[in-house]
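What follows is a pair of complexes built around chain A, which joins chain B in one and chain C in the other.
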Partner chain A sequence: MLDPLQIIRLVEDNMRAHGLPFPAPRESLYSWAKPLNLPEKGSPMIYTGGLYQLTPYIVSVVESLSKTEDLRLTSMAFRASRLLSALGLSGLVVRPKADVASYIERVLRSIVELLREAGVKVAYAYEDDMYSGVILYDLGLDSLFKENAVKVYRALKSRGAEVIITVDPHTTHIMRSVYPKYVEGYDLKVKSYLEVLAETGFKVERRDRGDIVIHDPCLYARFESIIEQPRTLLGNAGFKVLEPRRSGRMTYCCGGPIEGLAPKIAKTIAKTRLSELAEKPGVIVTMCPICYANLKAVSDEKVEIEDIALLLRG
Partner chain B sequence: MRAWVEAEAEKCVYCGFCEPLCPTLYPGGHRGYGPRGRVNIAFNIVRGGKHTGETLKSIYSCLLCGACNLVCPAKIDIVGVIRASRALGG
Partner chain C sequence: MTLKFEAWKAFEDIYDVLGNQEFQEALKRASTNNQAKVAKLLHERPELLGFAEEVRDLKRRSIEALGELIGKAMESLERAAAKPYYAGTAEEARTLIGKIIGSGKRIVMSKSMAATEIGLRSYLESLGNEVWETDLGEFLIQLEGSKPMHAIAPAVHMTREKASTLVAEKIKVQISRGSVEETVSAVRRFLRDKITTADVGISGANALAADTGAIVLVENESNIRLVTSTPPVHVAVVPVDKIVPTLVDAFKVAIVQAAYAGLYPPTYINIIAGPSSTADIEQVRVYGAQGPRELHVILLDNGRLKASRDPALKEQLYCIRCGRCQFECPVWVHTANTWGGPTYGGPMGIVWTAITLDPVEAGKLSYLCLGCGRCDEACPMNINISRELRHLKTLATQALRRS
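== the complex of A and B ==
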């Protein structure tokens, strides 16, 4: 395992320098939506919080950190990373995984298209789709988290958001259950796009699309009670939903939340979960970019893993 | 927050019901990588104990996945205790 205090310092440095926890360009958060020409003000507003878009960078960072964990070069790597960051060259340190980046773009565009098909027209804040601060909260960086949360809330309100539609479990949880404790007067209504689609009775007129195995993300299943909605949507889209040994509230974590702190432990957990999911036939469906990346990293070509948005979109 | 962590962690009766559900316990290698160990590390720290490299690893290797919260008979908010412990400085 890596030195947690060094990881925390790296996240803090990047957050203060770029408003993101990893050295990624700001534009990477909203470039996916440029071709869609969405209205930049209004409600409901799709708010990604950046987790999907940061995943290709996280994958690259984790790959680098895994190497330093093996070679015990962590301190040297961190010193180099901080020096480059101070020189404004941090962009040279992390290159996003290109295949993951294009996959993520497809997922996010599919979510907007699914909402459109369900009759939900969304606004999108583009430059103001700021990072939600999930990692800051998880690491216990409370004052930095609060400072960022207030900025995010003000930016969304200035764009006319009253209802925000989130796209991943971490951002849904942080915006719905954590922000109200840190932002005075917080009044945004927060819904996951899966909840929104389920409420509209969204249905894809296709039948017999085969078996799929569902992997519940911990935050949806245990903290936000989003369990039935994805099953209903997938069933309505013609899939036969199979349950792994541990599912629903009793789901098993993919290991992703500690991939940057303890890459070896995270990988062992991902392998355990993948083997459970692979006990059943069919495509494995994820609803979280971290679950997707972490399970994908330990899978081979025999296992198919797909984000729920792409399966629903068909 | 410190008082809350202390009161919450003090409820632990060391039953260990939380341990079979924790994904990090087995790959971590010792009980500091499970919920019972982490809660008691957090308790010792708020009572004035000092962190070592290994106790920091215990606290920061938690996934915050919440599996342990489901089964704790003392109804300890284990995830809350561990996250708060981080916020208090590890």
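== the complex of A and C ==
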């Protein structure tokens, strides 16, 4: 267990300094889309909220922080914040995990290409693709979350967004089900790209691409009722979708949401889930960067894990 | 004696049990078995889903009218010749019970989370009484000197090997290591004598009917039957959120609780509406026939009435303590109630800790919540537990930032 107050301060300080929860360059959020030259205004608009792009940074923050996790943290240590000075968290320099970073770029570009193939032309706000505030909400930093949400909403509206297309379950949930409670007059229509693709009847003319084991992300399955869409899309792309023991509405968490505070518990949960997914043959498919990173971190070379966008794109 | 709790200590315990193979193994066996058992049961008996829906509805109505129901229950209990008391706090409840029981008594208890919540066992011991838990799991907890690790299965963290060794050592009997049968029968022999000679029996309640003052208790072991009917005095500690309008409602609560705990049909359902009595001679009612002469009912508030007016925590009062949310939680299945306060743990238990003890410390515990919503999905009362936990996080975060 890490000291929650340190994490809270780290996130707060970084948000105030440059609008991102971790020390990462602003550009890291939109550089993936530079070569695509998407229109910078209009609707529907892709809104990533930054979760995919921040994942390589989160992975390295967690890696450096978890070195202190095993020290026995008594209430004294928490209060005196000895670790804070030992680690120099405020001046923490974070190098993104390079392999994860390039993977994520490929995922995001594939999503845009998939939408294009399905006949959906999207705009993208580049500098105004701001961080959604998922972590602020999860840490209970409500006033900062609200402040940020209002900014995000205004920026998207100023770019002409009416419908936003989200790319991960956390951002989908926060934009669709949480923002309306915090932002007055909120009127954005929010859809996950998986919903958009499924609505268009998107199909890839390929057959017999083998077995895959589906890992439903908690927020899609239980909070946003996105369960059938990925199955239909994967089926249409020639895969045989296998269900793990716990799937759909009763899917099992990858442990990711607490990796920042309790990496050891998060990894224990990830192992439990991974071994369950590996009971079936086939590539494990994820739809969330946090699931991807967390399951990947506890797997060996024998297990193949792939983001749904890359599988659909094939 | 005031109960205090600091979340950081719980975090230390959590990290200890993470590395404890035996603990992890016991929990894995129990949660896997229980998940499968309940899933099968609900599949085979879809009528239970209908019952759960009825209970959801009646619990909502009950909590809406909680203040009124407490008054009604007090009146009905008086009519039933029981002695009702309202205890605003844990301390008041302890003092009341201490006055009823006094010192130098032998006391037997059936598992009651409410009794643990008010620290009853150690309080009664401090007054110079001898106190025994009679539920097997709770008895193991008493011997181990720990706290209940699950709402229904307090010793869920113990393997058969651990349980048999513990009992053999503590009550000084011969048991083959790992023999569940021998453990159970040794405990039965040991406790039987305590129960038959006890001065007071203490129980909790699954539900209390406001219309009749009847207490409903569900069980498999039959220890509740013995504890509530053998000694001359019965004291029941009933949290006020367990009050429902009618006896039929109370019965339904017990059925649903048992089913979602994986025990259906339960072996026994007890209905206790007043002390034991007879009017067989000339139709003159005399109390204390074969059962207790006195029945004292402590209606325990301890933060509940206040919570019933708090939109962020109110839903937890619909809880029937089936323990489903614990067995289904990805964090809890590795920590059991070490992730919790002194009495309640896991998803529901953190909210109960907030209601009955300390919202900010409970909020710190909730930092370990994944927000994954499996508890919400599993809960027969459809309580939005993960939303409550996130609310508690905001309280902890505010407090930490001020510190």
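Brief remarks follow.
Simple rule for what comes next: the second predicted complex is superposed on the first by the 292 of 314 C-alpha atoms of A that agree within 3 Å, B and C clash if a C-alpha of one lies under 4 Å from a C-alpha of the other, contacts with A are read in each partner's own complex, and residues count from 1 in each chain.
Assume a residue touches a chain if its C-beta (ideal position, glycine included) is under 8 Å from a C-beta of that chain, and two chains touch if they have at least 3 such contacts.
None of the values given here were measured: they were computed from a predicted structure.
Annotation for the three-chain superposition on chain A: chain B and chain C clash.
Contacts of A:Met1 after superposition on the shared chain: both chain B and chain C are touched. When the two structures are aligned on the shared chain, A:Ala17 is found in touch with neither chain B nor chain C. Comparing which residues of chain A touch chain B with which touch chain C, the overlap comprises 1, 4-5, 137-142, 218-219, 222-223, 249-250, 252-253, 255-258, 261-262, 264-265, 268-269, 272-273. On the chain C side of its complex with chain A, the touching residues are 6, 8-9, 11-12, 14-15, 18, 330-331, 333-335, 363-364, 367-374, 376-378, 390, 392-398, 400-401, 403. Residue ranges of chain B in contact with chain A, taken from their complex: 23-24, 26-28, 33, 53, 56-57, 59-67, 69-70, 83-90. For chain A in complex with chain B, the residues that touch the partner chain are 1, 3-5, 7, 137-142, 218-219, 222-223, 249-250, 252-253, 255-258, 261-262, 264-265, 268-269, 272-273. Taken together, the chain A residues at the contact with chain C in this complex read 1, 4-5, 8, 70, 72-75, 78-79, 137-142, 218-219, 222-223, 249-250, 252-253, 255-258, 261-262, 264-265, 268-269, 272-273.
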